[in-house]
Amino acid sequence: MKLTRSAAAVGAAIALAGAAAACSSGTNSPNGSAAPSKLVVWRMGGSVSSQVSWMNGVVKQFHAQFPQYKHTKVVVDWIPWGSRVTDWTNALTSGKGGPDITELGNTDTPGIAAQGALANITSEVKAWSHGSDLIPGNLANDTIGSSNFAVPWFGGVRGIWYRKDQFTKAGITAPPTTWAQLVADAKLLMKKYPGTYGLGAPSNFTNGIVSFIWGAGGQVAVQQGGKWKAELTSPQSEAGIKFYADLYLSEHVSPAKYIGQTELGAPGATSGGADEDFAKGTLDMYIDGPWAKASLTAVSTKYASQWASFPIPSQSGPNPAPAFAGGSDLGVWAKSPNQTAAWNLLSVMDSPANATTFANAQGFFPEFTSALSGGGYASNPVLAGFAKAAAYTQISPLNSKNWATADATDAIIPTMMKALMKGAPFAAAVSKANTELQNVLNTGNE
Amino acid sequence: MGKVAEFVWRRGLSRRRGPAVTAFVRRHRLAPYLLLAPALAGIAVVLLWPLAQVVVYSFQNYGLPQITGTEPTQWVGLGNFTTTFADSEFWLSLRITVLFAAVVVPLTLLAGTLVGLLLNRLGKKMSAFVSTAALLAWATPPVSASVLFYWLFSPDGGLVDWTLGKLPHWLVGSTDWAGFNWATSGALSAYTVLTILVIWQSFPFIAVSVLAGLKTVPAELYEAARVDGASARRMFWKITYPLLKPIFLVLLLLSVIWDFNVFTQTYILTGFPGNRDEFNLSLYIYDKAFAGFPPNYSLGGALALIFTLILLVVTVGYVRASVRQGALT
Amino acid sequence: MSGAGGRAGSRAVAVKRLTTASLNGAGVLVALVTLFPIAWMVSTAFKPSQEIFSLTPHLTPTHPTLGNFSEVISGSVSGIGSVWLFFRNSIAVTLATVLLASVVSLLASVAVARFRFRFRASVLIMLLVVQMIPGQALIIALFLDFNRVGLLENLAGLIVVYAAQALPVSIWMLRNFVATVPKELEEAAAIDGASARTIFWRILFPLVMPGLVATSIFAFITAYNEFIVALTFLGQAHSAYTLPIYVTYFFGRGGAQWGPIMAASTMYTIPVMIFFLIVRRRLVGGLVAGAVKG
């Protein structure tokens, strides 16, 4: 803390004044009232200027709405998705160096909360005027027993990005709705645009791969009698896994360099993979969510006006494959000494107005029932396909308590997919992953 | 040296020993222990005590819930070791570690020795030039070197892929080199880059050590051999090698220890923690102890213990070689 | 006769010239291969981004720019601060480590080089063995211990670890230098009634100075390059990052911003290279003495 003694005294005085003025607000938690010199917010991914300016606006509102914090600095630390778990657990172990507020991938929340990392904010959410407007299913995802550990912030689904000009030139009149069409179109585009690849299939891409498992009618794992049963070896799941691996292996529509990469390049990196190739025009179709727009634009805006999307097709159509209902939550760090201040800032970040502005600007969907029904999502060319995909979503088992271990650290599906793409025998690799997955999901008491 | 010291020096040369010396030594009987105390304290706190604790942890279930106090610490016997030996990723990382050392150690020693021999035969200016170049590679911090090699071998705009793509197919094979992903697409390609990187960084030390050894070989020996008409190769094996053998032994053991323990370079090149099939033992341990969710210090401890025991075998060899060279006198 | 002898002589000269030429050729080749990656790093650091991703790379920048450096210095690309902050951290940690390790290892080396005492051999062997303990074996317990005493996420914790890690090798190296100082010098001084302190400071210290330089270099490298401890200890405490952690952080988050990344690693690398060149002669002698003789 670089806070000087006199600055602290001034801050405390202001905090006292503020607390006196606002003491009827009803959020008096025991370690509540002193204004912290700063609040640290952990955001996931890489810093994007539009998000920075959005946050600056939020901070301004926060200072205006809560004058007792007008000298509180808000610091945003950007955590790459690849290292988030390490960073959380290190902060948890040492009890310091952690954030006051953290963004969480919605699949992380149950596991992180189970480790005691997040503050119980049940009463805060109940008292919050917008609490009841949150999409109930998504709020339930952040609830263990009857305690609430985070609130949904934004949601999103992955679809397939393409370029309208390329489709037109290749004579593709309607986006593909089956796997066969998808591959055929990818090959057609490669033929029309020599030197490009048709459809990027990075191996380290669980949240995209699950759509292909689900799209063939398979499941990753199902709950039976209180236990998880991994389902990767079912014929339907295997069909999906094989299709995805074959995008590289036998159809050659995805380049070898995506093996071992996420959609954003090397694991831990925030750009430099399929995303960059799509933006530059050397990849014809790219699987990601609408949020990718910001980082795609950062690479190149040359083709931005032609970008559009369609849902990930299912094996034989006509409905899309279920998309993973991704998104992010916001939680108050359990060891934050500034619980009240942190919740207050969180409530400003996640106010329906701010959350909607944020979601719209970044290509997400807000998590408020009222905001969703009012949005003009279907008319936006980039968002149209994603909006369609949003009607078919699934999250289980990606919201199970041990999913963070299974995916973020043990990387079971990515490791399997990489092995397959490198030519490992299919049945053995899938069954190995299946066994591991079942073990991990059933570790501890689910 | 000041005047006093010079005076003392002169008197010292006369090798007179008086009762004063005995008194001095007696007066300072505790001196060596006092002088050693700070060093031993530091080593004990930072090196020995942690090692002892790791032994304890490795038989417990010490993890995040034990630190936060939500669950008690328990003894689990050999549980962590059986978990480790049952994990195929452990055996894969061990295999990668051993194979990597088996390739890199001989190549580094060979490259270093050849450059050392070369330096010994070059003129003064040329020798200074080459050894300065080698010194710069050696001086490059591992993090800089790793990031740099990542860039050289990057699939997007990296120089190596560009060059390989330009070369004719009969020379470099029919692989699509433009955009070849060296670092993360598999252990073989990643460790190829790591091999080049580690050799680049560590051959200078071998070269300089070999050169220093060569300087101690009397020139007359070579001249005599040359008069007898011995070939350069014969001279190396009959004169140079036997005289440098002790140095080679130490260099070999040091190299084995270093190359077994390559963490920084593998961490950066493989994009830790994304590619588990490219873990060496160092990364595997770090993953289990710190990066896994939830972190498991006991499992990491058991692994660290196994790793230490493997290296201990090499260390014993190192200590014996050093002692044989009279290091303790 | 003399003609034939002359021919043979000139052939020998020719052979010798050829040998020298091919040796020099090999030397130049080794030097170029060795220097190339460094040159590429520096060159990339001065290239504007369109040249970095140009389809035909050039060895030297066509339009050299300081833009990458100014981005690194302003801190705008990494988002966690100017490179100077991390530079200062690294230098502070390194200097403190060098100082601490030198003083402590000098004292200890006098003990093992000058005195015969009961556990001398055991201490020496212990030093040899502990320097081989892999970092992974120590980092787990160190992390937990330092966590308990609040030494994580600050530079003091790093200094303690680095200094201790440098001790075994430093003591071994210094021991050789102390041993070369004639014992008679000290004895004579003792006879003259000089105190131990006087002997140490007035006689021993000036003579082992070269050795101290060599061990300082070793401690310098240890502290300036260290990665795994800093990575584990510093976590998300950005303001305490040392240069290697900063470069890694930047590399992980920067995507493919090779210009600024290479500018940052150039700034990290060049000082240590200059330092190496300055202390070159002592470096070689010291390290060989330390590593080869034990």
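For clarity, chains are labelled A, B and C in written order, and residue numbers in each chain start from 1.
The working rule: contacts are C-beta pairs under 8 Å (C-beta built on N, C-alpha and C of every residue); 3 or more make two chains touch, one makes a residue touch a chain.
If you're wondering where the values come from, they're calculated on a predicted model, not measured in any experiment.
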Of all chain pairs, the one with the highest number of C-beta contacts is B-C
The chain whose C-alpha centroid lies farthest from that of subunit B is chain A
Between subunit A and subunit B, the Cα-mean centres are separated in Å by 41
Whole-Å distance, C-alpha centre of subunit B to that of subunit C, is 14
Between subunit A and subunit C, the Cα-mean centres are separated in Å by 42
Where subunit C touches two or more other chains simultaneously, the residues are 143-144, 232, 256
Residues in subunit B with touches to at least two other chains are numbered 67, 156, 290
Residues of subunit A that touch at least two other chains are 82-83, 90, 93, 268-269, 272, 276
The answer for subunit C against subunit A in the complex is residues 79-80, 143-144, 147, 152-153, 232, 235-238, 252-256
Subunit C contacts subunit B in the complex at 20, 23-24, 26-28, 30-32, 34-35, 37-38, 40-41, 44, 52-54, 56-57, 104-105, 107-108, 110-112, 114-115, 117, 120-121, 123-130, 132-145, 160-161, 163-165, 167-168, 171, 182, 184-185, 187-194, 196, 202-203, 206, 224-225, 227-228, 231-232, 243-244, 247-248, 251, 256, 258, 261-262, 265, 268-269, 272-273, 275-277, 280, 283-285, 287-288, 291-294
Seen from subunit A, its contact residues with subunit C in the complex are 42, 46-47, 77-80, 82-83, 87, 90-91, 93-98, 264-265, 268-272, 276
Given the complex, residues on subunit B that touch subunit C span 1-2, 4-5, 8-9, 11-13, 15-18, 20-21, 24, 28, 31-33, 35-36, 38-40, 42-43, 45-51, 53-54, 57, 67, 115, 118-119, 121-123, 126-127, 129-130, 132-145, 147-152, 154, 156-157, 159, 162, 200, 204-205, 208-209, 212-213, 247, 250-251, 254, 257, 260-261, 263-264, 267-268, 282, 285-286, 289-290, 297, 300-301, 303-305, 307-308, 311-312, 314-315, 318-319, 322-323, 325, 327-328
Note: in the complex, subunit B contacts subunit A through residues 64-65, 67-68, 70, 88, 155-156, 176, 179-181, 183-186, 271-278, 287, 290-295
